[in-house]
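Two complexes, one shared chain (subunit A), two partners (subunit B, subunit C).
Here is the complex of A and B:
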């Protein structure tokens, strides 16, 4: 498989009056063509900012301060805004968390999906042709009676249908990479299952790579080939999905998996992680998880935390030095 | 029966919408004929998707919404038609914990006042409120030093602990917990669930635990009631219902939950469609338009919730003569 995306030592900081929030602080990972990568972490771990950095959509007062994002061999960070605009929505597209807020309420959905296609069509757009494409896309994502509904407005659709429309919009230009940021968090579990199945199907149909950003380990297990676990702006463990679920190495990954209440088995007492995630302005020295880690030793405070690598598996933890 | 703390009989909660000089109002049938009881020391889990009516059931018991019809008795007393004096004595015995700890605590009150407010409302005067508040804080894993702080100085998990302390202040007969961990990260969720479980064992609490997360219900509840479109479709001991669901809806709900392990990927048997319109629910069984086993009778006759054995109930024509 060939490399699609390479992120190296990405740092995205937010410059606030009370200090600098190091939302993403040295993140590296790869994504191959056709592969699905899950980025998992709790709120504030930096997973969404990582995605926005790749899209170059980091909101003020945030800024990418260091690192490299290589997409199909090109360094995205050195592109002009015009060049970047040509990539967004065409080569990389994004699906956001809340389908209720990501569609424009005053335009009908056919127009909105059509706009995404028109923007990336060379030459003069021919609306009848675009309309045909819109219909086939919306049919492809499972909107019933598309011809009748194409001029309906977002509020006339349910949450699940809106997310289907968003997904349709994101695949309308056959992107190489779809970034899905918590695409099902606002939806019920039976609708979530439908959306995940749709993503799986589209991935096979178009061969797009998927970057799934989520707090839900179950969804990653369901859809992804590789996983990156983030904690406090850093990737603490990264590698093949089967290996990491079978034998998680980082204490945070281990505990995170143990504290999920499972439907398929009983436990007397759930594992929990004591304490709370660190303050992003002044995170602890060394391994940022050490104040909550049951195995923490003095040397976990050192600045250069050991990174263990074995083939595709990466763990940043002193236990494996 | 003496050991029944709550008994709910044919509860209906309709919300009026629209209606004016010339048009008739429409009724949203949020809860449409629900019956169950909770014994002393028992935790009943109420599970369902958004719009299934589970929160309205909780609110009706807590006295926040007035039922359209039906009976709710707590400790054998009808609590819908109480005189003011009786309400003052009985209501404090039912306490509620809400989903969002960021909006359920008054930002202008100090923690010490928040926690004992229910006691003051109940008319209790001759105790040292500060000592009582400190005791309660200790019980939920916070300490005396937090007494004089304001809610914004706490994290989500800590705020939920404060909300639990407030709910415990009156030694309630019944606690209604409405998605108490849905707004929290999974590592914090585990802390709160463990706290609730400990308190329940220590204080012999009786609880109605409302959640959309079947894993959480399996962990915390003894029995579970599954709601769909305003009705209970299945009720029984949690292991029976979750390990061997009888109702096709329960079955599909369980199948839709992603298990956090890649070897347990879901088979592609998801239910199509979406929950019905609560103003105009389908005739017969409300699940029939989505049900893979629907029979002719399901379209016309509403199935009754009947006993399968002495602890298990299901409302489905597949199990009725």
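Here is the complex of A and C:
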């Protein structure tokens, strides 16, 4: 498989008056063509900012400070804004967390899906042709009675349907990479499975790679080939999904997996990881997880945390030194 | 409930609309409604109201009723043209300031604050004083005085709308900044703007009348309510009809726009829309 996306030592900081928030602080991972990567972590661990950095849409006062993002061999960070705009939506598309708010309330749905196509149409757009494409796309994501419903407005659709429409928009230009930022968080559990199934199906139909951002380990297991576990702006463990689920090496990954409620074990209470996520402005020295880590030792506070590598597997933890 | 039912329920909005329609009809069909030529000095001066002259005549022997009818033209013309120009200047400034933020916003916002520190009437007198008294200059002055008010409203709206997911989503689809602003940010910022524009129309009527009163707007013999007021002031004891009629008309016109503006604010507020 050929490399599609290579992120190396990405650093995206937010410069606030109170101090610098190192939202993404030296993140590296790879994504092959047709592969699905899960990025997992708690809220505030830098998952979304990583995604926005790849799109080069980091909001003010954030800035990509350092690092390299190579997409199909091109360095995205050195492209001009115009060149980047041609990539957004065409080669890399993004699905957002809240479908209720991702569609513009003042336009009908057909127009908005058509807009996604039109923005990447060379020359003068032919609306009848775009309309045909809109209908086939929306039919492809399972919207019933498409011919009538394209004239409906976003508020006339359910949350699940809106997310289907968003997914339809994201695949409308056959992108190489779809970034799905917690696509099911705002939806009912029953709808969640349908959306993930849809993503799976489209992945096979279009051959796109997927970057799934979530805090739900179950969804990752469903869809992904590889996983990157993020904690406080850093990737703490990265590797093949089966390997990590069978034998998680980083204590944080172990605890995350233990937090999944299981029916095959008799437990009275839901597991949780004690402690709070670190303060983003002044995170702990050394391994940022050490204040909450059950195996923490004095040397976990050192600045150069040991990185254990075994082929594609990467763990950043002193336990394996 | 449909939008029409809501309009019917909002009595004040309806009254405002009826008043405005009446003034508009007056302005459009002035040639048919007015019984006499508004600038012809055909009659004895200061005739009291009578069947021939429902509102009497002024000190130069012109029919007050006819002048009142024609005066509505100037009033509406100035209000609509100058507020439209104010929008053409103010909306882009507000959009750019709110959307791009940072240093651009700081500079534009400073300019807006500077302009807003003068009351509209002082600023317009200042500008017409510099440019010379005429109808065109009065309109320019009103436009300049109102543009920062429009810009401020748009900027505030844009600041909140640009954070919406659908704006980020459109950018993630590859839309440019200008496209996103025009197609997605502006249409979602329009509701409060519409209210402000309507209320501005009312204020523009008032400011124009004030300028005319001071002789800084349309020059005689063009009939204008403000100018009629100024003339009537001198004869307030001997011919009170000369000042009463234009005074009432100015009040009604301002009231119409304010009622419509307030009504729109209620109608466009989704919290009040009981669906």
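Rule of thumb we're sticking to: the second predicted complex is superposed on the first by the 313 of 321 C-alpha atoms of A that agree within 3 Å, B and C clash if a C-alpha of one lies under 4 Å from a C-alpha of the other, contacts with A are read in each partner's own complex, and residues count from 1 in each chain.
Everything that follows uses one rule, which is that a contact is a pair of C-beta atoms (placed from the backbone, for glycine too) under 8 Å apart; a residue touches a chain by one contact, two chains touch by 3 or more.
A quick note: this is a predicted structure, and the numbers were derived from the prediction, not measured.
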Combined model on subunit A: subunit C and subunit B, fit or clash: fit
Looking at the overlay, does A:131 come into contact with subunit B only (first), subunit C only (second), both, or neither? neither
Between subunit B and subunit C, whom does A:262 touch in the aligned arrangement: first, second, both, or neither? first
Given the touch rule stated above, what does A:101 touch, subunit B (first), subunit C (second), both, or neither? second
Regarding the shared-chain residue A:79, is it in contact with subunit B (first), subunit C (second), both, or neither? neither
Of the two partner chains, subunit B (first) and subunit C (second), which one does A:65 touch, if any: first, second, both, or neither? neither
Just to be sure I read the superposition right, which of the two partners does A:115 touch: subunit B = first, subunit C = second, or both, or neither? second
Of the two partners subunit B and subunit C, more of subunit A gets touched by chain B
Once the structures are superposed on A, label A:197 by its partner contacts, choosing first (subunit B), second (subunit C), both or neither. first
Going by the contact rule set out at the top, does A:169 touch subunit B (first), subunit C (second), both, or neither? second
Rounded in steps of 10, the angle in degrees at the Cα centre of subunit A between subunit B and subunit C is 80
Taking every C-alpha pair between subunit B and subunit C in the superposed model, the minimum, in Å, is 6
Using the touch rule from the top, collect the residues of subunit A that touch subunit C in their complex. 55, 57, 60, 85-90, 93-94, 96-98, 101-106, 115-116, 119-120, 166, 169
The subunit B residues in contact with subunit A across the complex are 49-50, 155, 157, 185-191, 193-194, 197, 212-216, 218-219, 239, 242, 252-266, 268, 270-272, 274-275
Please give the residue numbers of subunit A that touch subunit B in the complex, ascending. 42-43, 158, 160-161, 188-194, 196-197, 215-222, 241-242, 245, 255-257, 259-264, 266-267, 269-274, 276-277
List of subunit C residues in touch with subunit A within their complex: 101-102, 164-166, 168-176, 179, 183-184, 187-188
